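Pasting the structures here.
Heads up, the next two complexes both have chain A, just with different partners, chain B and then chain C.
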Partner chain A sequence: MLDPVLLIALPLLTAFLVPLVRRAWRPLGEALPLLTLLFDLALAISYVPRALEKPIVVIIAGWRPPLGINLTIGPLGIFMAVMILFVAVLVAIYSIWYIRVEPKERYCMLCLMLVTGSLGMVLTGDIFNLFVFMEITSISAYALTAFIRDRDGSEAAFKYLIIGSLASNFFLLGVVLIYSSTGTLNMADLAAKMPSVDPRIAVPAVILMVVGLGVESEMFPLNGWAPDAYSMAPTPIGAVFGAIVVKGAVYALARMLYTIFNFQGVIHFLVIMGIVTLLMGEMAALRQRQIKRMLAFSSIGQMGLILVALGLGTAGGLVAALFHMLNHALLKALLFLTAGYLVYHSGSKEIADMDGMGRRVPLLAVAFSIGAFGIMGLPPLNGFWSKFLVISETVKAHYVAIAALALVGSVIEAVYYLRVVGRLFFKPADERVRAARLPVSAFVSLGLLVVAVVVIGLYPGWVMHVLQPAAHELLDKSFYIHSVLGP
Partner chain B sequence: MKKVLALASLAVIGFVLVSTLRLVPFGVNKMNPQVAERYLREGVARTGSVNIVTAIVVNYRGFDTLGEVTVLFLAATGLGAVLFDKRGKRTQRTPASLIVKSAALILFPLIVLLGAYVFVHGHLTPGGGFQGGVIIATGFLLMYMAFRSYDVSHTWLMAIESLAGTTFVVLGLLGLVYGRSFLYNFLPLGTANAVFSAGVIPLIYVAIGLKVGSELTGILDHLMETIR
Partner chain C sequence: MPEYYAKLLIPLFGAALLTPLVGRVSRFLRDALLFAAAAWALALVSLAGTSVAPWHFHLLGFDLVWRANPLTQLFSVLVLGLGVLTLWFAFPYMRERERANYFFFSFGMSIAASIGVLVAGDFLSLFFFWEMMTWSSFLNVIYYRYEAQAAGLKYFVMSLIGAYSMLLALVLVNATLGTLQFGHVLNSWSSLATSTQWAIWALLLVGFGVKAAMMPLHTWAPDAYEISPAPFTAFFSGALSKLGVYGLTVLLFVLAGPELWARLGSLWQHPITHYTVAWIGAITAFVATLIAVVQEDAKRLLAYSSVGQIGYILLGLGIASTLGVAGAFYQALNHAIFKGLLFLTVGAVFYRTGTHRMDELGGLIKKMPYSFVAMLLGVISLAGIPPLSGFPAKWILYEALVEKHMVGLLVVAMIASTAAFLYAYRLINTIFLGQLPERFEKVEEVPWSMRIPMFVLVLFTLWFGVYPQSALRWISSAMAVLPGVQPIQVGDTSLWSPAGTVNLMLTANIIGAVFLTVLIVLALWPRSRKVGQLDIHTSGEPVPPGVNLQYATRFYQPFERAFGPWLKASADRLYTNLAQNLENLFDLMRYVYTGDGQTYALYVILFLAGMFLFAKNLVF
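Coming up: the complex of A and B.
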C-alpha cells in the first residue's frame, strides 16, 4: 500500500527534476511529466474504495494532528483529486503537440506545480497548509497566463496577479484571526473549537475568507480577472483554469463554510451571490465576439450555478453542486481544447471567422457541439443531470424565484452556444480555410473527454455513488472531526 | 464619484478590520496547551533542534516549508518563463569605481561564508536556510553591481536549484521508507547544541539554503539581463 502523500510529493519531485532529466536525456524529460500524472491518476483511483469507507488520515513528519500537518482524504477530497488529475492528464496529452512556444520545459514545470498545488488544496487537513497550496496554485496560474509573452498576456497576468495576491492576503488575514482565538490550524480541531470562538472575531474571519476564495472561484464582483486571463493564456491553460484552479477554490470555500464555520446565514448568502454571478456571466457571454472570451464568461455563469447549489445547505443541493462541478470541469475542458484548434485552423479568435468549420474540420466541430449541448443541459449528456438536479433542489429548498432566474440564465446560454454551433455547420466556409486533420494528441484527449461526457450522461449512478458520501462529509461536521482526531 | 466610493469602502473595511483586530488581546499568554505549549515544552527533546523556530519550520510544519520552497521556485521559474530571451535596451551603465570593485572582491567570499554559516547552524542559532540563502544572493548582487561583465552560469544555477529541491523531497521520501511518514526525522537526534544533531533538520536546511541562494541569484540574473 503506497502512502497517499505521494499524490502530492511525486508531481512536485518531477517538477524539480524536469530540468535535470531534460539535460541528461531529452526524450525522458519530455515524457516524464505525463508519466507522473498518469501514475498519480492511477494512484488516486486506487484510493477511492478506501476513502469512501473511512477518511484516510495521513500523518506527515510523524506528528499527530493537531501538533503537525496531516492530509485528510475523505470521499470529497478523493473525488476532487481524481477530477483534477483526469483533466490534468488530458491537458498534458493535448499540450504535447499544441504548445510549441519555448521554454516548453518551464511550461511543464509550471503545470506540474499547478496540479501539485490544487491537489494539496483538496487533500490537506490544515488551514495554513491550504493557504500555502493555494499560493502555489495561483502563482503558477499567474505565470502561465503570461506564458505567451505578448502585451495582452502580460496585462491579463498582471491584473490577475494584483487581484489574486490581494485575495490571498484576505484569506491569510482570516486565518490569522481564527488562529489568534483558537491557537490551532488543524481543520478538524478548528471545527471542534469554532462554536466557542467570539462571533465578533469569527464573522469578520469568515467574510475575509469568503472574499479571498471568492476571487479564485469567480464570484460576481470579484471576477474581473477571469475573462482576460482565460482568453490571453495559452488555450490548454484556459481549460486548466475552468477545471482545476477554480474548482480547487470552490472546494476550499465549501470546506470553510460547511466544515469549519457552519454559519447558516453566510451559507445562504451564497445563493444570492451565485444567482447574480450566473446572470451577469451569461449576459456578458451573450455579447462576446471572441470565442475564448465567450467561454470564459460562460464559465463564470456556470460557477454561479454551482454557488447557488452550494448555498442551499441541503444534502441534495451539495450533491448537485459537486456533480455540476465535475460536469463543468469536463465540458469546459472539452470546449476550451476544441476552441484551441478552431482558433488555430481558422486563424482568428473571432466567432464570425469560424463559419463553416464543421465542413473543414468535422471532428472538431462535432466535439465542440457535444460540449455546447452538454453545457446547455441537453439529455443524454452529463450536463443535463446536474443542471436538472441543481434546479430541482433549488425549488425543493423553496427558492422558486431563484430557480426561475437560473432557467432564464440557461436560455441565454442556449442562445449563444447555438449561435456558434449554427455558424460552424450551416454557414459557407471561407475559401482560405482548408480541410485539416487533428493531431493524434488532440484526438486522444478530446476523444476521452467526449467519452467521459457521454458515459456520465448515460450512467450518472456511478458518480452519485461517490457524491453522496462526499456531500455527507461536508454536512456532518462531527464525522469529519472524529475521523481526524479520534472519538 | 468612483473615487469617493472607493475611499468610502476602504474606510469601512479598514474600520471593521481594525476594530476586529483590537478584540485580539496582545501580549497575553493565550497558547494552546495542545499545540504551542507542547512545541516549547518537548520541542528540544523530541526534535533535537535547540532553535525551536527551526524545529517548527523544518520538522513539525515541514510540509508547509516544502510548499514555501516551491512558491519561491515558482517565482523564479515563472520569471524565467516571462523574461525568456528578452534582451534589454543596452543602456550605458556607469562602471563601478575602483574602491567598490576591490571591496567587492574581498567581501564576496566573506558574504558567502556568512550565508553558509547561517544555514549550516540553522538548528542552533537564529536564522536558517531562507536567511542564509538570501545572504548568499546579496553577495552575488554585490558582484553584479561591481563588475559590468559579471555573469553566473544559468546551467549551474538551474542544476543546483533542481538538485536542492530534489534533495528536500527525497529526504522526505526517505522518511517514508525508513521512518513512519513523509518528512519523518529518521536520523539519530544526537546531542543537543552540537552541529551534527537534530537528524535531517540540518540537511534540509542546507538544501533550502542552496536552493534559495541559487534561486534568488537566478532572479537577479534575469532582471539584470533586461537592463544590461
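Coming up: the complex of A and C.
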C-alpha cells in the first residue's frame, strides 16, 4: 500500500514541478496538475474502506504521537479529502480550456498549493500543523483572488488578506494559549488533557479559535471578505472557495469544538450564528446585480445552514451538516463553473446581461438551472435530502423557530435563483451574444457534476455509509483519542 | 420495489423522462409513449389499485411506506383519467406549437409525480413527490416564457411557502412521534401536546390549502391557470388541485378522526378544526364566485370558478359527517369532469381563434357547434342542474348541511351557488351566442381528435348524473378507509340519506321524457321560421359592417356597481405589496457589506470582543 502522506505530498511536489515541466514539454505541463489530482483522488478513494474500519494513523519520521506530528485519516478526514479532491479534479478539467491567461503555471501552482493546504487541514492530527496548512490554503487563496491582475482583484485580495491574517493570528493565539497550559500540540492528546485545563484559559482559547475559523467558514459578521473575493477571483476559483477553502475551515471548526473543547454552550452558539448567517446571506443576495456576488451570498447562506446543523450537537445533526457540506460543494461548484461560461459568453458579470442565454447556450443554462434547483432543495436532486435532514434534525433538537427561519431563508433563495433562471430562459437574447458550443473540458466537468447531483439525489442512502461513521468520529471523543494514542 | 409500485411509477416517470429524447425522433412516437404510459397506469390503478400490500422500506434512517387503498384509488383514477383525456386533447393542440417536447415532458412529470403523491403512505415520500409535482407544474405554467414569468414566480413561491409549512409539520410529527407514516400517527395521536396538534393542523392546512387554492391562499391560481396552455390547465385545475383536497382529507380524517380533533375544542358539537375548514370553504365558494362574475377572460373566469368549486369540497370535508365527506368526494369527481371539460372547450376555442378573452369572442355556435354542446353541458353540470353530475354532488352537500343544522353555512353556499349561474351563463353567451366578429368568419370546428376527449367527459358527467350509485359505491369504499367516518350507504337506484331519498334515475327519465316530447312536438309542428341574425336586432335595417351589436365587456355592470367596493379589496395586491416591502427591507441588509476592508476588520474585532463579553453565557 502506498504511504498516505503522498496524498498531501504529491500535490505539493507537483506544484513546484509544474513550471519546470512546462518549460521542458508544454503538453505534459498542461496535463500534470490534472493527472496528479486524479491519481490523488484514486489514492484517497482506495483508503476509504480502511479508514471506515479504523482510523489510519500515519506516524511521520518515527516520532510517535503525542511527540511527533501525525496524520489521522479517519472516516471524517477521508470523506473531506475525497470531496476536496473530487471538486479539485473537476476544476482542473474545467480550467484546461477556461484559464488561458498567462501565467497559467502560477495558476496551477497556486491551485495545487491550495489543495495541498486543505488536504493537510483535514488529515492532520496536530493542531499547529493544522495552522500551517490553513496558512498555506489562505495564502494561495489570497494570491488566486488577485490572479487577474486588475484593480478590483487586488483590492479584494487585500481585503481578504487583512481579514484572513487577523483570523489566523487569533487562531494562532488560541493555539499558543492551550499549548502553554497543556504542553502538547497533538489533537488527540489535547482532547484527552483538555478537561483538566483551567477554564480561564480554555475559554479565551476557544473564543479565539472560533473567531479565527469563523472568518474562513463565512460566519456572519466575519464574512466580509467573501463576496468580493468570490466575485473578483477567476470564476473556477469561486468553486474552489465554496467547495474547498470554506469546507476545510468548517471541518477545522467542527474538530476544535467537538473533539478538543466540547463546550456545549459554544456548540449551541453555532445555531444562533448559523441562522443569522443564513438570513443575512440570503437577504443580501436578493438584489445582487452580479451573478458571482449573488452566488457568493448564496454560499454564505448555505454555510449558515451547515453551521445550524453543526451546532445541534446530535449525531443526526452532524450527519445532516456533513451531507449538506457535500451537496453544497457539488452544487456550488456546478453553479460557479456554469457561471464562468455564462460570464464568458455574455461578456459581462451582470445578471441583466445574461438575458436569453438559455437560447444561445442551452446546455449551460440547463446546467445552471439544475444547480439552482438543487440549491433550492427540489427533489430528486441531492440538495433536497440534506436540507430535509437539517430541518428535521433542527426540529428534533427543539429549535422549531430556527427551522422556520431557515425555511424563510429558503423561500428568499428560491426567489433570486428563479429570477436568474427566468432571465436565462425567458428574455430575448442580446444581438451581440452568439450561439456557442461548450468546450469539451467544460462539458465533461459540468456533466460529471450534474451526474453526481442527480445520483446522490436518487440514492441518498448510499452516502450515509461514510457520513455516519464520520459523524460518530466527531461525537465520540474517546474513540478519536484511543485510535491515535492507543488504548 | 414490489411489483405493483414499480409497474405503476416506472412507466410514468420513464415515459416523461424519455419525452424530450423521443420527441426529437418522432412526434408520433412521443405521443404514443406518453399516452400508453398514462393509459397503462390508469388500467393498473382501476383494476388492481384496491388490494395491494404496502411496501415498507428504509431510507436515511426513516421508515417509509408506499401503499394503495380505495381512497388513493379514487384520486388516482381521477388524476390518470383526466390525464389521459387531456393528453389526448393536447396531442393535436400542441402539434403546431413550439417547445412541444418541453410541454409534454413537464406534463408527463406532473402526472407521474401526482401518482407518486398518492402512492406515498408517509410524509417524506409525500413531500418528495409533492415538490416534484410543484416544479413540473411550474415548468408548464411558464410555458409562454416571458409573459408567464410573473405568474410562474408567484405560483412557485406560494407553492414553496405551502411546501415548507408542510415540511415543518412533518418534521414536527417525526420529532415528537418518531414516525412519518400516516397510519402510525393515529395510534399515538393522544400523546401529542395540544400546541403540537394545533401546529400540525395549521401548518398542514396552509400546506395543502395552497395547492387546493383555498382562500386566502388562492392568489396564484387565476394567474397560473390563465397563462398555462389549455390542456394542462384542464389537468391542473381538474386533477392537480384535487391533491390538495386529498391532503386535507389525510389531515382531517386519516391522521386523526373528527373525535380526536374535537378534543382541541368544538363549536356546536362540531370539531373546531373542521368547522373552520367548513367556513373557509363556504367563504371561498362565495367570494371566488363573486370575483368570477366580473372577469373578462374566460380562463380567469374558470380559474376563479375552480377556486369557488373547491370551496364546496372543503365545505363538505369540514362538515365531517358521512354525507359531508361523500358530498365532498362527489364534488371532487364532478369538478374534475366538468372543469376539465370547460377548460378543454375554452382551449378548443383558443385553438381556433387564438384568444380566450370573452369580449373578443361571440357567435361561435354556428362555427363550433360540438364545442358549444360540450360547454353547455359543462355549464349545466357546474350549475348543479339534473340530470348531470353536478346535481347529486350539490344535493348531498346541502343535505349534509341540513342534517347538521348548519344554517349559516347553508345560506352562504346557496347564495354562492346562485351567483355561479351568472358567470356560467356568461361563458355561453359571450363565447358562443351573439354576434360573430368578422375576423372569425373562417373559423372551423376543432378536429375530431380534440372533440373525442371532450365528449368522453360529457358522457361521464351524464353517467354520474343519472347513475350516482356507481360513483357513490366507489366513494363509499374510499370512505371505508377513513377512520372516524362511517361510509355512505348506497341503495340500488336511489340516493338514500337520513333526510330522505331521491331517485335520480327517475328524475333523469322525467327530464328525458320532457325533452323528447318537446323535441317531437317541435319536429312535428314546426312553427319557427329561420331568420338572419340581423333581422331581429335591427328590425330589418341593414347594418354597416363593423358595428357592434352585442356588448360582452363589463357584462354585469349593475352587479359590479353593487359589489365594486368590496371587490376592490384584493388578497393578491396585499401579498404583492407585502412581498415588495419585505424585499425592500431585506435589501437593507446589503448595506452591511460596505465593501470597505476596515469595516470588515472592525466587524471581526467587535465580534471577538462581543464573544469575550458574553463568554460566561457560552461555556457550560
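Here, the second predicted complex is superposed on the first by the 487 of 487 C-alpha atoms of A that agree within 3 Å, B and C clash if a C-alpha of one lies under 4 Å from a C-alpha of the other, contacts with A are read in each partner's own complex, and residues count from 1 in each chain.
The definition used in the following text is that contacts are C-beta pairs under 8 Å (C-beta built on N, C-alpha and C of every residue); 3 or more make two chains touch, one makes a residue touch a chain.
Quick caveat, the model's predicted, so the values are computed rather than measured.
Trainee: Would you check which partner chain A:147 touches, where first means chain B only, second means chain C only, and both and neither mean what they say?
Mentor: first
Trainee: Check the residue A:133 against both partner chains and state whether it touches chain B (first), chain C (second), both, or neither.
Mentor: After superposing on A, A:133 lies in contact with chain B but is clear of chain C.
Trainee: Which holds for A:66: it touches chain B only (first), chain C only (second), both, or neither?
Mentor: After superposition on chain A, A:66 lies in contact with chain B alone.
Trainee: Looking at the overlay, what does A:204 touch: chain B (first), chain C (second), both, or neither?
Mentor: In the superposed model, A:204 contacts both chain B and chain C.
Trainee: Does chain B (first) or chain C (second) touch A:184, or do both, or does neither?
Mentor: first
Trainee: Is A:403 in contact with chain B, with chain C, with both, or with neither (first, second, both, neither)?
Mentor: Only chain C is touched by A:403; chain B is not.
Trainee: Find the residues of chain A that appear in the contact set with chain B and again in the contact set with chain C.
Mentor: Common interface on chain A, chain B vs chain C: 204.
Trainee: Write out the stretch or stretches of chain B touching chain A in their complex.
Mentor: 16-17, 20-21, 23-24, 30-32, 34-36, 38-39, 59-64, 66-68, 70-71, 73-75, 77-82, 84-86, 155, 158-159, 161-163, 165-166, 169-170, 172-173, 175-176, 179-185
Trainee: What does chain C use to touch chain A in their complex?
Mentor: Within the complex, chain C contacts chain A at residues 58-61, 124, 127-129, 131-132, 134-135, 142, 145-146, 148-149, 152-153, 156-157, 160-161, 164, 167-168, 171-172, 174-175, 583, 586-587, 589-590, 592-595, 597, 599-601, 603-608, 611-612, 615, 617-620.
Trainee: What residues on chain A touch chain C, complex-wise?
Mentor: 155, 158-159, 162-163, 166-167, 170, 199, 203-204, 206-208, 210-211, 214-215, 221-222, 224-225, 227-228, 263-266, 269, 280, 282-284, 286-288, 316, 373, 376-380, 384-385, 388-389, 391-392, 394-396, 398, 400, 403-404, 407, 410-412, 414-415, 418-419, 422, 425-428, 460-461, 464
Trainee: Any idea which chain A residues touch chain B in the complex?
Mentor: My answer: residues 3, 5, 9, 12-13, 15-20, 23, 58-63, 66-69, 102-103, 106-107, 109-110, 113, 116-117, 120, 126, 128-129, 132-133, 135-136, 139-140, 142-143, 146-147, 149, 154, 157, 173, 177, 180-184, 189, 198, 200-201, 204.
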